[in-house]
Structures are given as C-alpha cells and as structure tokens.
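Once you've had a glance at the structure underneath, I'll fire off some questions.
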Amino acid sequence: VTTGRVEAFSDGVFAVAVTLLIFNVQVPHIADGELASALLALWPAYASYVVSFLTIGIMWVNHHELFRLITRVDRALLFINLLLLMVVAFLPFPTAVLGEYIRGGPSSRTAAVLYSGTLELIGLAFGALWIYAARHRDLLIADLDPAYARATVPTFTVGSIAYLLAIAFAFVSAAITLAICALVAIYYIFNRLPEVAGKAENRA
Amino acid sequence: VTTGRVEAFSDGVFAVAVTLLIFNVQVPHIADGELASALLALWPAYASYVVSFLTIGIMWVNHHELFRLITRVDRALLFINLLLLMVVAFLPFPTAVLGEYIRGGPSSRTAAVLYSGTLELIGLAFGALWIYAARHRDLLIADLDPAYARATVPTFTVGSIAYLLAIAFAFVSAAITLAICALVAIYYIFNRLPEVAGKAENRA
Amino acid sequence: VTTGRVEAFSDGVFAVAVTLLIFNVQVPHIADGELASALLALWPAYASYVVSFLTIGIMWVNHHELFRLITRVDRALLFINLLLLMVVAFLPFPTAVLGEYIRGGPSSRTAAVLYSGTLELIGLAFGALWIYAARHRDLLIADLDPAYARATVPTFTVGSIAYLLAIAFAFVSAAITLAICALVAIYYIFNRLPEVAGKAENRA
Amino acid sequence: VTTGRVEAFSDGVFAVAVTLLIFNVQVPHIADGELASALLALWPAYASYVVSFLTIGIMWVNHHELFRLITRVDRALLFINLLLLMVVAFLPFPTAVLGEYIRGGPSSRTAAVLYSGTLELIGLAFGALWIYAARHRDLLIADLDPAYARATVPTFTVGSIAYLLAIAFAFVSAAITLAICALVAIYYIFNRLPEVAGKAENRA
C-alpha cells in the first residue's frame, strides 16, 4: 500500500473530528435577559474546545510530516495508524465530558482523568507509529539517516510524559490538567519535529 | 467516468461516517460523584464504537485496493458503489442502537440482529462490487490476470458468512455477536486481499 | 479561478451532507421488548434517508461530469454553485421533517411540500449552473460543440418538472411525493447526461 | 512545510463547518396541523444558516486564492491559520444562538453581539494571515510585486470594519446585525481580492 491513501484516510478523520468539537458547546435554553451570563458560564466548554482543536490541528501537521519520511505502509503500520485515528476520533467525547464537569467536586477529577488519559493514548499511538516506522528502514525514504530518525523519538515522548503529569494533576484541579494539555499543544506548534522538518526541507 | 471521482466520493463518505460514530457515545448527565461509574456503564457504547470504527476503517483501505485494479466505472458499478456507501453511512444508527440495548433482554437480540444484519449488507454490497468488476474485464486494468481476480472472491465471502453467524448468535447473546463482528474486522486487517495487494504491489 | 478548488469545495459539502443524513434517524427510547416494533415504526425515516442519499449521491456524480466540461469559473458561476451547495446542505432538515411527519394528517402535506420543494430548488440551481455555463463559451472546454451543450439542457429540466409533480401530489399523499422523488433519483442514475458523458469520454 | 497540506487541512475544516450549520435548524415537535406555522417560525434559523453558509463559503474561495500566492508556510503562519480555522469551526455555535434568540428582548442583543463578534474575529484572523504573509517575501511566490500584495490589504479590512458596525447595531436590532453580515458576504462574492485574483490569473 502506498502512503497516499493512508494519508487521505487520516486527513478525513482529523478534519471531521476537529470540526465536530463545536457540538460539545450546547446552546443554553434560558429565560429572556440571562443569555449573557449563561454564555459566560459555558467557559469550560470553550476552553476544552480550544485545547482539543489546537491539539488535533497540530497533530495533523506533524502526522503529515512523518508521512513525508515514510514511503511504504505495511499491515502493522496500517493497524497502528488506524488505532491512532480511533482515539483521535474519540476525543470529542472526553472534551464534552470535561466541558460539562470541570467545575469542582469529584466528577471534575474523573472528567480530567478521562480527558488527559485520552490525550496520553493519542500521544502513545502517535509515538508508536513513528517508533515502528523508524525501526523498519524499508518503510522510510531511501536517503534518510537512521540515526537521524531515532534522534527524533524524544520529541514525541515529551508529550506523553507531559500528559502523565496532566493525569496526576487531575486529582488536584481539572483546570490545571487542561492548562497542561494546552501547553503541550503550544509546545508542539513551536517545536514540531525540528530535525525531521529540517531533513524534509532539504529534500524539497 | 474515471474512477478518481468515485474514489473521492467514497473517501468522503467513509471518513465522515467513521468520525460521526463518536456521537453515539452520549455524555451522561448525573449528580456529582457518580461520573466514574456512569462512564464505566457506557462500555457497550465504547465497544460498538471500536468495532464499527475498525470495520469501516479497514473496509476503506480494501475499497481503495479494489479501485487500484479498476480503471473504468460503468453505470451499474456506480450504482452498486452508491448502495455500498448508503449502508456504510447507515452504520452509525445500528451502532447507537446496539450501544444502548446490548445489556440483556429481548431488545438486545433485536439490536444485535440490526447491527450484524447491517454489517452483512455492507459485506454483500462490497462483494457485489468486486464480483461485478471481476466479470467485466473492460473495467479492470489491462494486465490483470482474470483467473487472479476471480481467485480473490473467496476473501470477500468469508466476511459475509461470518456475519451470518453473528446474526444467528444474536439470539444467544448480543455480546457474542459484537465479538464475532470484531474478529471479522481484525481478520480483514491482517488478511486483506493478499493476492490482489500482491498484484498491485508488483505494478507500483 | 480554476475549477479545481470549486470542485474540492463542492466535494466536501456533498460528502458531509450525504453522511449527516443518518442523524435524522433517532434511536428510539423504549421499554424492553418493544424495540423491534419501534425500529419498524421508523420506516419513514429510513425511506427518506434512502431517497435523499441517492439524490445527493447521483447529483455529486453529475456535478463532476459538468465540471469536466468547464475550464474556467467566473464570479456568477461561483455564486450559482454556492447557492446550489447551500440548498444541498439544507436537505438534511426537510429529510428529517418528512421522516417524522409523513404519516397522515395535514402535517404530512406540509412536510412533503417542504421536502419536494427543496429538491425542486436543488434541481433549479443545478439547471441554472449548467445553463449559465452553456451560454458562456469562454468558460467551457475549447473543443465542446455549443449545440451539443445546449442539447443537454432538457436532461436537467426533466427533474425540475418531476419535482413540481411531486409538490402537487403532496396534497394527495406524502408517500407518493417521496416515491416520485425516488424515481427521479433512479432516473438520473441510469440517464445521467448521456451526451455530455459521451463527449467527455471521447476526450479522456 | 509546503502549502499543500495546510490547504487540505483548511479545506476539510471549511467544508465540514459549512455543512454542519444545518444542525442548528431543529425539527419542530408539534401537534398535528400546526407544522406549517412552526416551520415558518423558524425563519431566524434559516436566515442565520444562509448568512453563515455564504460567509464561510466565500471565505473558503478567498483562502484558496491567498494560498496561490503563498509558496512556503512557516510556524507563525501555520499558527495564525490554525487560529483562523478554530474561529471558523466555532461559527455554528453563534449561528445556533442567533437563530434561537434573534426575536426581541435583551437576549437578542447578546446573541447578535456573539454572532457579529465571532465574524469580526474570523475577519481579523483572515486579515492577519495575509498581512503576515505579505510582510514575509520569502513565503510568497517569487514574481509577486510586494507593493501589489500590500495594496490588497484594504480589501480585507473592509470586512473587519463592517463587522464592527454590525456589533454596534446589535444594540439596536439583531436583525439589522444579521443583514449587515449578509451584505459583507455578498460584497466578498463580487469584490473578492480583485487585484490578487488578477495577478494570479496572469500566472495561470
């Protein structure tokens, strides 16, 4: 299987998943005159929308950069990618749960663990995708330095470690958990695969 | 009609259908402190999400492999493909029904028959697509051995027979029905069109 | 503007609109043991799903065939296409209304008028798209016989006239209205732009 | 990063966001015989659907024209584009709020401010995208006159100023706010980037 179709498959899922996130923000049904405060009270839904949107959005870009280094897809890689997409497409659910239960109490802990745990799974699946590809040189572009490919692995693991921290902080405050997840997204916008990107740029 | 547009049409439907599945998992509305158990109680919704996601995901890949062997699309093939997409896009509904009614009672039987019956229809439509194409050599790529094409037909029928089994087991247990459907999806990940794939790889 | 982007825009809207139709089929919430009859009672939702899916699906194919004859898009054509997509993306709403109110009474008339009226608008917008293009030779491919292009206009108008009939029959029976709309969809599967298609095939 | 992937990312979000707008129009649940008036009473939902659809639709076309002038995407541009898509994908929510609360009272003011404020943010993000690109010649196509690029900036700012006016009029009438937003959409259909478009046409 060439990578073209796998990328098209992935593109579709990423694009739809990211756009469906807005359905987690429900129109409030209230008596006249209280709409402004009802809209402001939805801030957790807005905040989790922003964090999930940025996380999936930047992962899409990084997913594409990875696949510029991959020329061939075997069955195992196909399956890992399918698992990655399955957790990405699952994210709207934890996002909705966090948006509804972030405010105090034991439910906020549960919601924050579910949310950061899903992001941890996404991070692990993404890392597994690249680690598998980096260990199978026949799947990579011919002129890619294998040491180079392995050197990029830490970049992926940063996210997975940060999400573990986010899970731990869920027991302190769901808002802190969300803030850590936001920082990871911003980190990947400005530190996405610097070496891999550089390598790919040389080829272009 | 060239196949490019039919593939784009199919890609869109597959990608959106697979990503919409998450809407079958509804955010529970509960009093504080009971969120963890409410989330755990949603396991049938998660399980049917996973099975439907993998089934559509792997079918998308196989659909693409088929179309690498097809060069031309006539009206009948177009219509069969449209029927296939119509049942694929219908799957979120049986998935939601199974997720809600899988636990015991006569309703679980009904839900499991609806779910596995829809998958049976998807399998039959997919098989019909390939059988029709394999019988019309003018639709296939020039250098494809016709005996070769016919030899792949059993690969498609395995799924249809397994789904019949799943329908029968619906009267025993809806969970067993779902498990059989999961096994079919995993089977197609690791046994997808070996010969067709091999043939296509030789060409690339 | 080249047509590539307009087609991508249109493809996205067609694919998402067709797949969203399934959300009109709501999971019934019933006591145990009555699920089978509750699912059977949803037949109007299934029927309107099938008709709308086939209608949009085949229109997508015809839309693509039209754009194989168009090389350039001016502002007016862009605007007509946007209006066409706007009514296509609107169709899930009348489909849901018809699925809920098709059974008897004055509401079934209203629902059937809304549904067939929306299809009439889609048909008119599609016809306007082609009539506009056929009258502006600088937008069409160089070797297209203008008499040829004009000769295809009747093919488009058949649908618009049939939908008018469907609107009229809404006052007799909403089911007849839906049946007429189904026949139009099937007609366009087997009679889609024969001459235009033939012409395009000669070029390929 | 080449622009191809950023455009595919953007295309997906634009197409899904525009098609999801119809979910803001809810099927009315009423007693028999009142469906016609219930459907007519939904006019604010239809009106906000039309304005949002045209606004996103035409912005998609303009987004594509911009990217025909951009050859390279750096991290900052990637981030600005992600913010633009985030507000575009957010629009279905204000559209739904306006559709429900447009009729009189203080809530209509709040809904109209939210709606026009979101469009203002979309306009600002779109303007920021182009201003950033126009100031970084290494991101633009080689033969683009920089004075030319800068001359197009006013075209973008017209929308942002008109949306400020729409926000101000929200305190008079939500319907006037919606009408101003509709006029901006129509303005951009017939006045989209005349010079940039001309320039791009010369290249094609």
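Letters A, B, C and D mark the chains as written, and numbering starts fresh at 1 in each.
The rule we apply is simple: a residue touches a chain if its C-beta (ideal position, glycine included) is under 8 Å from a C-beta of that chain, and two chains touch if they have at least 3 such contacts.
Keep in mind it's a predicted model, so treat the numbers as computed, not measured.
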| item | value |
| --- | --- |
| Same-residue or different-residue interface between chain B and chain C, half as cut-off | different |
| Rounded Å distance, chain B centre to chain C centre (Cα mean) | 26 |
| Chain B-chain D separation of Cα centroids, rounded to whole Å | 37 |
| Multi-partner residues of chain D (at least 2 other chains) | 11-12, 15-16, 20, 23 |
| Chain contact topology (line, ring, star, complete or other) | ring |
| Chain D - residues contacting chain C, complex | 11-12, 14-16, 18-23, 25, 27, 29-30, 32-36, 39, 49-50, 53-54, 57-58, 60-61, 64-65, 189-190, 192, 197, 204 |
| Chain B to chain C touching residues, read off their complex | 1-2, 5-6, 8-9, 11-13, 15-17, 20, 23, 75, 78-79, 82, 85-86, 89-90, 92-93, 96-97, 100-101, 105-107, 110-111, 114 |
